[in-house]
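Chains here go by letter, A, B and C, matching the order in which they are written, and residues are numbered from 1 within each.
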Amino acid sequence: MYVAVKGGEKAIANAHALLAEKRRGDLSVPEVETAQIREQLSLAVDRVMSEGSLYDRDTAALAIKQARGDLVEAVFLVRAYRTTLPRFGSADPLDTENMRVRRRVSATYKDVPGGQMLGPTFDYTHRLLDPALAGSGNAPRRPGEEAGEAGETPVEAVGLCPKVLSFLEKEGLLPEESDKGEAPGDLTRQPLQLPADRDIRLQSLARGDEGMLLALAYSTQRGFGSTHPFAGEIRMGEVEVAFTPEELGFPVIVGEITVTECETVNKFTGGGGVPAAFTRGYGLTFGEGERKAMSMALVDRSLRSEELGEAVKGPAQDQEFVLYHSDNVEASGFVQHLKLPHYVDFQAELELVRSLRRAHAANAARDSISRRASP
Amino acid sequence: MIHAALPAILPGFASPVHDAQQCFRTLLEAMSRPGKPVCLGVLPPVTSLNAAMPASCISGMVAIALTLCDADTQIWLDVCLDTPAMRQHLRFHCGCSIASGPETASFAFIGNAKAMPRFAAFSPGEPEYPDRSATLIIAAKLTAEEQGCLISGPGISPARNPQGLPFGPGGLPAWFWEEWAMSRDGYPLGVDVVFVDSHPSGGNFVRIAGLPRSASAVPPSRFRSGSAGENKICMSR
Amino acid sequence: MPAENSISENQRETPVYNFAYLDEQTKRMLRRAILKAVAVPGCQVPFGGREMPMPYGWGTGGIQVSAAIMGKNDVLKVIDQGSDDTTNAVSIRSFFKRVAGIPVTTSTREATIIQTRHRIPEHPLREGQIIVYQVPVPEPLRWMEPSEKETRTMHALEEYGVMHVKLYEDIARHGEIAASYDYPVMVGGRYVMSPSPLPKFDNPRMHQSPALQLFGAGREKRVYAVPPYTDVRSLDFEDHPFSVQRWDKPCEICGSTDTYLDEIIADDKGTRLYVCSDTDHCAARLASKENRQGGSDG
């Protein structure tokens, strides 16, 4: 009984103990270390960092361990920790043009300066379970090994390359995005207000649930507010984070982070005196988060429909719908709060439904009597 | 350069977390019970900030600033309060920016009420967000020697004050209550007021009283003179 | 490489939090919002809600409001469904015991701050007390109009037609207003407000209450307030006046006939029992009853 007359405290303590036991699992199996999570479940770590809005691999790994691998719960742990941290200010905008790129593909050109770089992608893997991974002590396979040869060390090309979309910008086919120099809004400090500007929308999407954004992005492709996207460029690699302290007045490099960036090119047929051109959707995640970055770019572009004078027809174009419902910490809490006791309200509803039924029965009886009474 | 001309910065609250909390609760009580003087019992030192005003009043105002103002708020100081020492003190402790005019201020501190701008000079909020209005912190005598008006509305028990609660802070400009009554037409837009007693308290406390925009006032010109001296004496905490 | 593998030492230790968990900047932001909420009774004031260490929907708004107002001299009571011992009430109470170290109580009389979900205590509140409601959906017009932009405008224009239409449709269809909880109220003659999911039984207690009533919605990031001695009217029609629930049976434990009762299914046959939802009030009443009986015996 979860509403013990005097036992709530004890029940909760018990639940916590059980949870700790389940988290550890079979004691004969070695405990997973957070470093293993950080290194070997790195994409889970990246997702938790992105949606948790905190770039810290160790904290994310700890959260994943503590959450028994439930990533939404891990995001929540990271958020609750993040909100207690002191805040020094806003970093300077990331210069992703100067990213040390480890992966970079463009679907809009056959080749681009800097080249196409596949990097560590699942894209062309055959999704066949690899029994070899079930054991341990396996070093990663090298290219050519399957053919029975010794194989080569995989080459990770790292380099600087120009932004693919800059070529469209130079031709005047794509408006350049410029930095107004204003401090960006911050949803973690101010409540969402509608209509929201793009900085707030992008922040909300960056924190948003990957599954939700994926579904929204997909819905635009199926016709619920189509925005005709091309994957202009997807790049992943390391960028420097700079901060300009008020008292110094010049930027100081405070670190380097891995990010994935996606820029889509979307057709815009023109209107309202503006000639046809392309428009841009933008997505950025911490770490390697290509599915999320692409989804974000599609949804970002959809959310620009109103400012571009397009009809708002699909849910993904509706700011209020997207921004209020894509945060998984908010959504998960509110959906799951239904399991808290509601018996006081339910009692009120019981009385109401009984009373409505009594009234209905009385009416029906009166009707049938008056029908019989009439000749 | 500035530092050479100014005395060393005075400390803020002795116990920043708990003093700010106590001060806030006093403000909350003042706003919840309009016209009822309540006692602000934790005051920061303010000697040398402004010699022209009683220390208890300045101290009360600074306590309110320390409690509510920070980098997210703009404050405005009237001529009487706007001294380099005051600016430096508030900037240092609150990190707030000082507005050049009253219209952008979220908190306006007014030492000389007689010369204060009319209510229309301050932000009344927006129809969708009436909370974005200014709060005026005004030095006024709370010892009720002037005839005040009768205020009523949320926070004032109609059972206990069927005619309204007599409330008469001293030292306000002549137009104050007439204009307050008029600005009520714009409700829920409007400014909120906290009066800080300008009479030296003679102890380490100062009286404050709230006048939120929800309070209706019948100005003295419109009611027969009644007993306006009913304001309660400060209760020690 | 243990040093590299482990999280830094200070992260391993439980972080030391500020008094009442929230940092001072967050408290100031909340305090400014609360003061404005008091100045415009019933108006939903947005605030920069923080992630709390409890899930949204579990009282994060109430917790933030309580954290922003509480001090060392406060005594806290937390109830959920009227009971001090429901799991979430226990959890919130122990949270504040831990992060603020303030005394807690189950007694309505002793408490200076009462945080509640879904009930107002049976024992009348007094001046100086603050009751903090946990609010899931602060917008009373939400079920009629899903868009926040629209409902903001409706409040700005005092355009409450949709609400009256909804209530009137209820009467036309069911012969009565089919709302038994979260029954909308008019505050200070200006704002239609959600009283939070209280059974409508509690609505009359909000009217001219001597206590200050604060409402916190964490997920929706809004606070609103009803100052003491403020008019709070449940919406109704002249020919269909507002009325509250009544029970035919007394409380099985204390025999009370004027309190809100919960229905309990007592056995497999579906036998129903009724007991007070306010456990503190029920226990106090029972104790005084037993005392009286004990007194007459001796």
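As a convention for this text, a residue touches a chain if its C-beta (ideal position, glycine included) is under 8 Å from a C-beta of that chain, and two chains touch if they have at least 3 such contacts.
Given the structure is predicted, the values throughout are model-derived calculations rather than measurements.
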item	value
Chain nearest the overall C-alpha centroid of the shown protein atoms	C
Chain whose average C-alpha position is farthest from chain B's own	A
Geometric centre distance via CA averages, chain B-chain A, whole Å	46
Rounded Å distance between chain B and chain C, as computed from the means of their C-alpha atoms	31
Sequence positions of chain C contacting 2 or more other chains	29, 46
Touching residues on chain B, where the partner in the complex is chain C	16-18, 20-22, 24-25, 27-28, 31-33, 67-70, 72-73, 106, 127-131, 133, 135, 153-159, 187-188, 192, 212-214
Touch list for chain A against partner chain C, complex	2-9, 11-12, 33-35, 58-59, 62, 76, 79-84, 86, 188-195, 320, 324, 329-330, 332-337, 340-345, 347-352, 355-356, 359
Sites on chain C touched by chain A in the complex	4-8, 11, 15, 17, 21, 23, 29, 46-53, 55-58, 60, 80-83, 85-91, 94, 117-119, 136, 147-149, 174-176, 178, 180-182, 197, 199-201, 219, 221-222, 245, 260-263, 277, 279
Partner chain B, residues of chain C touching it in the complex	18-19, 24-25, 27-29, 31-41, 43, 45-46, 68-72, 152-153, 155-157, 188, 190-191, 208, 210, 212, 226-231
